[in-house]
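The structures come next, written out as structure tokens.
Next come two complexes, and both contain subunit A; in the first it sits with subunit B, in the second with subunit C.
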Partner chain A sequence: MANLSRFLVRRLATFIPTLIGVTFMTFLIATVVPGNPAKLWAGGEKASPEVVEQIIREYRLDRPLWEQYFFFMYKLLTNTMISPVTSNYVWDMIMERLPVTIQLTLLAFIFIIILGIPLGIISALKRDTIIDAVIRIMALVGLSVPIFWLAYLLIFFFFTKYRIITLAGTPEPPYSITGIPLIDSIIMLDFGTLVDVLKRYTIPAFTLAYPSIGFVARLVRNSFLDAMSGDYVEFMDARGLPPSWKYRHILRNSFIPVITVLGLIFGALLTGAPITETIFGLPGIGKFLLDSINNYDYLGLMGGVLFVGIIYLVVNLIVDITYAIIDPRVRY
Partner chain B sequence: MECDPIVEVKDLRVYFYTYAGVVKAIDGVSFKICRGETYCLVGETGCGKSVTSRAITRLIYPPGRIVSGEIYYYPEPGKRVNIMQLSESELRRLRGEEISYIFQDPSAALDPLYVLGYQVGETMLAHKRVKSVKEGMRRAVEVLRTVLMPDPEKRASSYPHELSGGMKQRGVIGISLSNNPKLLIADEPTTALDVTIQAQLMDLLLDLKRERGLTLLLITHNLGLVAEYCDRVAVMYAGNIVEEAPVEELFEKPLHPYTQALIRAVPNPTRRIEKLEHIPGTVPNLVKPPPGCRFHPRCPKAFDRCRVEKPPLKEYSDHHKAACWLYEE
Partner chain C sequence: MSGDGEVYEKKLLDRLADALVDGLASLIDLFLSGWKERNRARLDELKLTLYALNRSPIGLLGVVLVLAFIIVAILGPTLAPLGYNDQLIYCVTDFDEVRLAPPGTVVVVEEDAICTQLGVEPGTYKLWLGADEYGRDLLSRILYGARTSFIVVLLVMIVGPWIGILLGLFAGYRGGFVDEVIMRIVDVFLAFPGLILAIALSAVLPSRLDPIIINNEFLLNSLLRLFALNPDDALPMVRLVVVVIALWIVWWPVYARLVRGMVLSARENTYVEAARALGIPTHSILIGHILPNILGPVLVYLTLDFGAVILVEAGLSFLGLGAVPPIADWGRIIYDGAQYFPNAWWLVFFPGLAILLTVLGFNLLGDALRDIMDPRTRRRIEFKVKGR
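Moving on to the complex of A and B:
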């Protein structure tokens, strides 16, 4: 346990330079782009010079770069940074969009797990048969299909043709426990809202999950086969273990790489899905990042990148800890 | 010496159906292992000794298949079990409980994600020697003590990577003996270990064999081990047994030219040698084995008959069998 806390401290310490790195990079790219942000923020060509002057002073745009950066970071971290474009607190804007991303993430992750893992295991157990070939081809197609093409295909089928799904608004129940309608409606056993949420989010989530399903299926297949060909499997047969016990050993061994990848996928999903969110009109983190870029709102963008960075680091840390729990050979 | 067989194998054929063709890994092997003895299978890598030993409990994986042959197991004198006709669940009971194995590489034989005690315990649970894994893990400590594991309480809760090679192999022996089998098949049990630990482990095996009245089938390519520990020896070459004899007899009067060459290839440490002996040529491709005697392309004494007709394994003197046309009138 002492090892674990030392490990945590060490890892948390590495968060700081990483987060500084990503936000500074964003800041630098945004500031070296030619243009006059103050003027843009003030309303473009017709902006009055007083307002431009005020924005420059308020955001310290006349100060040296490093001072601007520290000022922005300070404001972001204390949640006192107001986006000059939307006039809202940056952090609040992110938090407002988070439930959409979380719902998308959860549903997509469920798709990845309930489809990717079983398909991979079936593929491994039936290796070199027609079933295996079909699954492998599907996985390859899944990896290669452009997400926007698939999205419009699904929209055509489920919306235009059969009207099974909805494409506007985000269902909000009147109550709020976790702030995430999907989870709240399950807790409250409010199936009306749950159905609304599913109607809105299932197809975008599936679209988002599609490439990862194929990827996970391939990974599970290969690592399952790897684990199955180990000598210890033969020794388990030689000592007369029942097949179900044997597969438990194999499964646990084959899951070490899978857990890592699933964790990384989860982290990546949480950081938003710009393409999917744009196509389906969902106001999530990905859409927020895109909007910030389009509006030249690099303060919002820095906030978004900081958020994404934190999510990524935390998920990575959790993956590493899980890794050590399932694999005793891993030391902190 | 009258032989009370514990295992009898007749005309065993194991083929591997690979892309390159059908590999006739075991082609007509017959032998008997007598109760209480140490029977050795000797031969070069790839001669089929491991496959033979695994085929005794039908532990052959695709693309391998036991094509033909009879395998009998005698749990006690006069009682015969036809292994070829056992169901999967009967085979599972047999493996580990009646006949158990020790494999070459203990690091690979143990599941790296479970502590040693668990792996001992679950083997006992699988054969209903204990009621729960928990009880199994407690009993594992005693099992590890019998294989002279240092500090067995601590080692039972160690993961395989925390153990040395010798300790791992002791653990594997413990797992194999946890259900008191009657026949122990040790497939190169010391090959993956340091030479210094070899003798320790072999002595342990012999002690356990004596204490428990075990029968031991030892598979090795090390003639030193054969001379030291075996009662009867079968020499395998390219999927056939070419000679079988009591151990002294084999070293004193080897009949088959392959056995003779094999013994000559072992350097004698007491004599100065200019050059190490070796057997010219290579092990034949078992997809298309040479016709007749499979050793004839490398045999210095081969003659016409060897090239066309396969010699049968025949008894030439007391308990001394060989498959060679040289001794045929």
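Moving on to the complex of A and C:
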């Protein structure tokens, strides 16, 4: 265990500088690079100089960069930063978008697990057969398909042709427990709302999941084959242990890398899906970033990018630690 | 494997591969005499890789798709029946005839039509894949789009990954403080999902970069020629250049991390020790000795990333952050055509298919190369290739 705690300390020691680096880069992207946006925020060329002056003073745009940096980060992290474009608190705007992203993430993740893992195992068990070849090629197609194209094909089929799904609004039940309609409606056994949520989110979630399904299937296949070629499998065969016993061990061993990758995919999904959300008109985190860009709301953009960076970083940290705990071979 | 005594069961493609490698090697030999002899082992390995590729149906399909893409990208603008911005609505009296015309529509451009003054040659055109809302031929735009994609991906890949590779080489070889600093910077960049970083950068970079690029006459003219664009479209093209620069920033960190890891194990090899003992300077140990030995796996990543860059670039254009009208760009054609979906389905379907086939080509090729380069399976392939 001494090794493990040393690993944890080391991992945390690199986490903090990276986190600071992320805040710094976010600041760089959103405020230094675009130049002085005060005039834009005040309403363009016709803005009165007094208003521009006031905005510059309020957001300390005339102060040195390091002072701006601390000012922006402090305001963002304490949720006192008000976007000059929307006049809302930046952090509140992001939190408002979170339920949509979480529902997309959960449904997409379900697709990845219930399709990716079985397909990978089938592919490995039927190695070098037609089935294996088809699954492998489908996986590569999944990695190559532009999801905006896939999205339109699915819209054509499920909306234009058969009207199975809806493309407008976001279902909001009258009650709120977790704030996420998908989970709330299950808890309250409110199947009407649940069906509405599924009608709205299933196809976007599938679109979003599609590339990862193929990726996970490939990974499961390869790590399953790796695990099957281990010496312990031969040993179990030699001892005449039943296949179910054998496969339990193979599964356990082959799933360590899979769990890691699934964790990373989950983290990536949580950071929003700009393309999918745009096509299906879902107001999630990805759409928030694009909306901020289109409104020249660089503070919104900064908040969004910072949020995404932190989420991604924390998920990575959790995945690394989990990996170190579940795989006793890893010692740093 | 000196080649002479071995009995390969050589197929036609293998002979082609031999000819290709030998030809290229001789060409380099002309400039650097003795190069071919010094790199004999490496050339034989390269031939082996190509033989193995010839025996992988997946890899061959990838090669075919990639070659098709490259050929279309080079010849596309010449082959295209119409220009990428030839608006046929000005050629006919009733413009509903060509506005969003479905695939297969035939358009006759008369001698005295207004559009002949805009550069459209009179004649009869068949719009094989239909037309967009300005009556522009979709087939021509897709052919020009191949050029756009190709140049963008080429410009990204000949700079972005190499920044990472060089930094990774340096960090891995030096170790210590330098390594720590470079890797922490890499961590910061990798803390953002690639697409999101690309989106943010292509949104904010133009305000600083546009003026610099526009004022550089030489750069502008050479890029116009590369992208096969009319001189009037220099301004819209600048946005593509910004995307290229944004993708450089997105694409270096992965390579830095990858190469650093490989250098850490490669630097323990005897050949590195020998080179150091001979007093060979660090930079030539890195470039001349370590890099060629780790290039195999890097090549696999580069191949796969050609596809990934094309996808991300199309995605950015689809979001309105990449190519701007009237430039023909696959992602942008879908973005503009989507508002007429599903009635004018061809505007979404065909450019998407072009992206899919191109990216699939690179992925198939990369996947096959990964199998071939994998040291665990490479020797097996070697035996298979020898026909034993």
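FYI, the second predicted complex is superposed on the first by the 306 of 332 C-alpha atoms of A that agree within 3 Å, B and C clash if a C-alpha of one lies under 4 Å from a C-alpha of the other, contacts with A are read in each partner's own complex, and residues count from 1 in each chain.
In the analysis below, a residue touches a chain if its C-beta (ideal position, glycine included) is under 8 Å from a C-beta of that chain, and two chains touch if they have at least 3 such contacts.
The model shown is predicted, which means the values in this text are computed figures rather than measured ones.
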Answer with first, second, both or neither: which of subunit B and subunit C does A:Gly179 touch in the superposed model?
-> neither
Looking at the overlay, does A:Pro146 come into contact with subunit B only (first), subunit C only (second), both, or neither?
-> second
Who does A:His249 touch here: subunit B (first), subunit C (second), both, or neither?
-> first
Per the overlay, which chain contacts more subunit A residues, subunit B or subunit C?
-> C
Could you say whether A:Val22 touches subunit B, subunit C, both of them, or neither, answering first, second, both or neither?
-> second
For A:Gly43, select first, second, both or neither according to whether it touches subunit B, subunit C, the two together, or no partner.
-> neither
Touching partner for A:Gly281 - first (subunit B), second (subunit C), both, neither | neither
Can you list the residues of subunit A that touch subunit B in one structure and subunit C in the other?
-> none
Touching residues (chain side subunit A, partner subunit B) in the complex = 230-232, 234-242, 245, 249, 252-253, 326-329
The residues of subunit A that touch subunit C in their complex are 14, 17-18, 21-22, 24-25, 29-30, 33-35, 136-137, 140-141, 143-149, 152-153, 155-156, 160, 268, 271-272, 274-275, 278-279, 286, 289-290, 293, 298, 301, 305, 308-309, 312-313, 316
The residues of subunit B that touch subunit A in their complex are 54, 57, 59, 61, 92-97, 100-101, 103, 105, 108-115, 122-123, 126-127, 159, 161, 172, 175-176
Partner subunit A, residues of subunit C touching it in the complex = 58, 184-185, 187-189, 191-193, 195-196, 199-201, 203-205, 207-208, 307, 311, 314-315, 318-319, 321, 331, 334, 338, 341-342, 345, 348-349, 351-353, 355-356, 359-360, 362-364, 367
